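Let me begin by handing over the structure; questions about it come next.
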């Protein structure tokens, strides 16, 4: 029989779960029953995030990012994570600063000199992809297929340091890159609305919210509001994630803080600046101590470290509701 | 009359003048966003901005908010909010005319580096954030415009790391490598001039220099020697209207436009 | 270098457009300007449907199918079409009955003995795929990639009579079917709402509405209502098709008749029965004469052949609006 | 008391009794829809129906409307309306527990034919609509249940055309062919009995016969000889409640349930 020529191949180690292995996990460990999954973030992270996990999250620390869950992962001192820095901004900075991370698949590594230094020093190992290629990997993982072809990365050093494989397509006879499916061990996702079973709705750009949830073995959702299931059934076109993808639902108002969540509050630029100005490990440790380790929960963080008047300001700044409800 | 402007303002205005109306443009973070908004306000009222996180055709509010690219102000009244996969699919299928990106390094063939400086990948001298969506923008859009500061070390024979593809990579053309045909870097706007690429060889070619500078002065600030067009045009400094629009409307806090070298010029 | 083994291969002729060819068509012939594309169905079909085209449509003759456009194609006696019978019901029956069709890519061939007889007699040539695999082909076409892998068709006679290629996946080392991208020459799609530029919104299940529009060279949208563009900008999450995929917009109230459109009217079961009871070419010709050839337009069809009181009944039956606005 | 029912009603009731609560089920057109609704009303109030056109978890209204599978009544209050690609992706990624399909022919290994009868593909004796989404349902769902009339000619050694895969095709197992592991036909409910498949060989095995029939009578109506379980169970006819629910609530016009042979039985 004919063969398809392999033309090029990246050399990165890849986190790859054969589709059958992922399917069996879904069959045995995901739940199609309507089970109340509401819990606090401490319990959710304890149950569903483990040392050594491959972790994905969605959107960014500026907008609808799962910041309260990221902080809880840091608070529980989870170790040896391999993270997917897709369209990431400060998640990787914080997780690396807290010593949670060993490896990063880079779409966008994240902001600033602190994380760059971690890479330069070899404190974290990076594999270079791109936002598009890691998103395609999640799409393949979500579809239950082993890879997806795309016409990017081709020829670049990014390809060489990724895990993509270039073959000659049998239909067009042109080279095309195959992006291996990605099935993270765990995903943390922040949404505007969820019910207690895990049905979830996102307003605004969706990045890879659904694909990340479908492709991940364990999924923790945090939500600005917990709503009744009928809210989903009345507008089925707007459901972003169906409940059977989800393991835990956390009620987390201001869950994206210091980022914003559309329709709820704007980002806190001042707090954000504190983060982006971190240069040294000492500054990082003092930030982590002040805002994460010294409180027990997201609620306590909001109450003791941020305060109602600040939160009120951020709500006040968020006056564009059109499109978000 | 003497005007004063930053070289960032110069780049932004010249890039904005390049954009055609009634076209789609894939917009990278930061400077490209300001370029697109300026173009929309002054030259191309119907350009359709596309963002990788999933916003198509927003009527971005001003003042421009650097932080919340994906937030309500910048994505205001989009035609569609969608997924990253879909935003890139529009581009991969050929629907997106322009792409606009920054770069840390560029080489003779328009390959760009936004990943690292140094010769050891494991131990980079400087590490940057990496591709983001840059590789896809540079791979898929019909014409890619690169906007970058004009500094000697940024122009190299071969990038330390090719993050996103130019016209030729290590002797192979884009098309040979499987990239979409008839795409690639179209213009490079720097803080001193404007480049295109030779149609046959894909090599960087100086097309214009900022008014008040000579070709030699511009070439002096490059570690490689590019082709030079037979007739190098003079690039006008920012107009009063452009500066007013940038400074009063789009970026009143100077988050983007105040960066860079200040230039004074008689006009 | 290594090679990927080709394990099996269907023998169907395939309509395949190399991604670069499709891209160039999009660049040169699709329009990113905000141009008023409103026209009547006669003009739209005249301009954008040609003899010999590969034609796709979406959803079905029962629900939100582009029936008024299908009738116009028949009325203009377009010939030699190759059609995509994805989740089709009576579209293929009518188009084949009217002599418009040479070839059918079958997801679901369509109802009843009439179309079966056409195949048995060899009057139309069929290639067997499945609803899933032809949908994947559209997804690949919409993404601008040459194929998409999937774990269906494998081993079956459907595969043998399709155009899929089975290879050993380089990541999981398992056989997987590659479905070649499909880029139809023309697509006709019915929606609830569109603006004059072609932005379009669908309520209810979406089948492959967006993928079909993105993947097709020319796209005609018919819409129950023409709405202002601001209606899309106020709820960007609900936009199904962006204007730059679309070539023509036809205002077609009752455009799915005799099928229903959710939120507007229910299907006309009696008229539908007329169609499903067609057995012979004579019966078919008499149906076509009575309902299609003898009128000049969809408006005239509604007025002369159906009538206000019938339409009113169908509106009256359609009392579930929840979720459709 | 004497009851009367159609063999379609018998199939529907027996299939409905098989479904587990709190499971997802990919539902084919026609009889499977009625099975799912009956199960939801009587046995499995929390099953989640999945339809290929893109409806997840509707609370389908009754009476059941045959025509508008994708219309407002059948997709009422779904948890999600989505694309066909997404509906199949849920299944391909392992989220869908059951699939339910009809078939024109079935063979020894549970392969099913819904494409054509005859030995010449170009000139079929009878042509059916083809796969629809059947191939995906049979390929991806964990357990596929086939519901079909029990007629001699429908049980064959090898289908004239294998539309959707069973356990073994022309000597190769599902897994060898690349199909998802540990999936395949689970039960076949016919108008006379119920079959499973041998765990090792994947062969059709008679598990139950309708009360009042003997194993021999059921086997008599098959063109092949299946395996027979050591203990063949007796399948109960429809209960009074099942019939009342079907006839008064779900299908009062008898669009589906009135088809088939009428059976009278003393109970």
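Each chain gets a letter, A, B, C and D, in the order it is written, and its residues are counted from 1.
Heads up, the rule we're going with is that contacts are C-beta pairs under 8 Å (C-beta built on N, C-alpha and C of every residue); 3 or more make two chains touch, one makes a residue touch a chain.
In this text, all values refer to a predicted model and were calculated from it rather than measured experimentally.
If you average the CA atoms of subunit C and of subunit D, the two centres end up 28 Å from each other. Mean C-alpha positions place subunit A and subunit C at a centre distance of 36 Å. One simple way to say how far apart two chains are is to compare their mean CA positions; for subunit B and subunit D this gives 58 Å.
Residue positions of subunit B with contacts to 2 or more other chains are 55, 75, 77-78, 81-82, 85, 92, 140, 180.
Looking at subunit C, one finds that residues 19-20, 143-145, 150-151, 174, 176, 203-204, 206, 210, 234, 236-237, 322-323 touch two or more other chains.
The touch graph of the protein chains shown belongs to none of the named shapes.
You'll find the chains touch as A-B, A-C, A-D, B-C, C-D. The touching residues of subunit B, when paired with subunit A in their complex, are 51-55, 67-73, 75-78, 81-85, 88, 92, 111, 115, 121-136, 139-140, 159, 161-165, 169-170, 172, 174, 176-180. Subunit B contributes residues 22-24, 46, 48, 55-57, 59, 75, 77-82, 85-86, 89-95, 97, 140, 142, 180-182 to its touches with subunit C in the complex. Contact residues of subunit A toward subunit C in the complex are 1-7, 14, 16, 18-20, 143-151, 165, 167, 169-172, 174, 176, 178, 180-181, 203-204, 206, 234-238, 322-323.
Residues of subunit C that touch subunit D in their complex: 59-60, 62-64, 87, 106-111, 116-117, 119-120, 122, 126, 128-133, 135-136, 139, 150-158, 161, 166, 174-177, 203-211, 259-260, 262-263, 266-267, 269, 272, 318, 320, 322-324. Listing the residues of subunit A that touch subunit D in their complex gives 19-20, 22-27, 30-34, 141-145, 199, 210, 214-215, 229-230, 232-234, 236-237, 239, 242-245.
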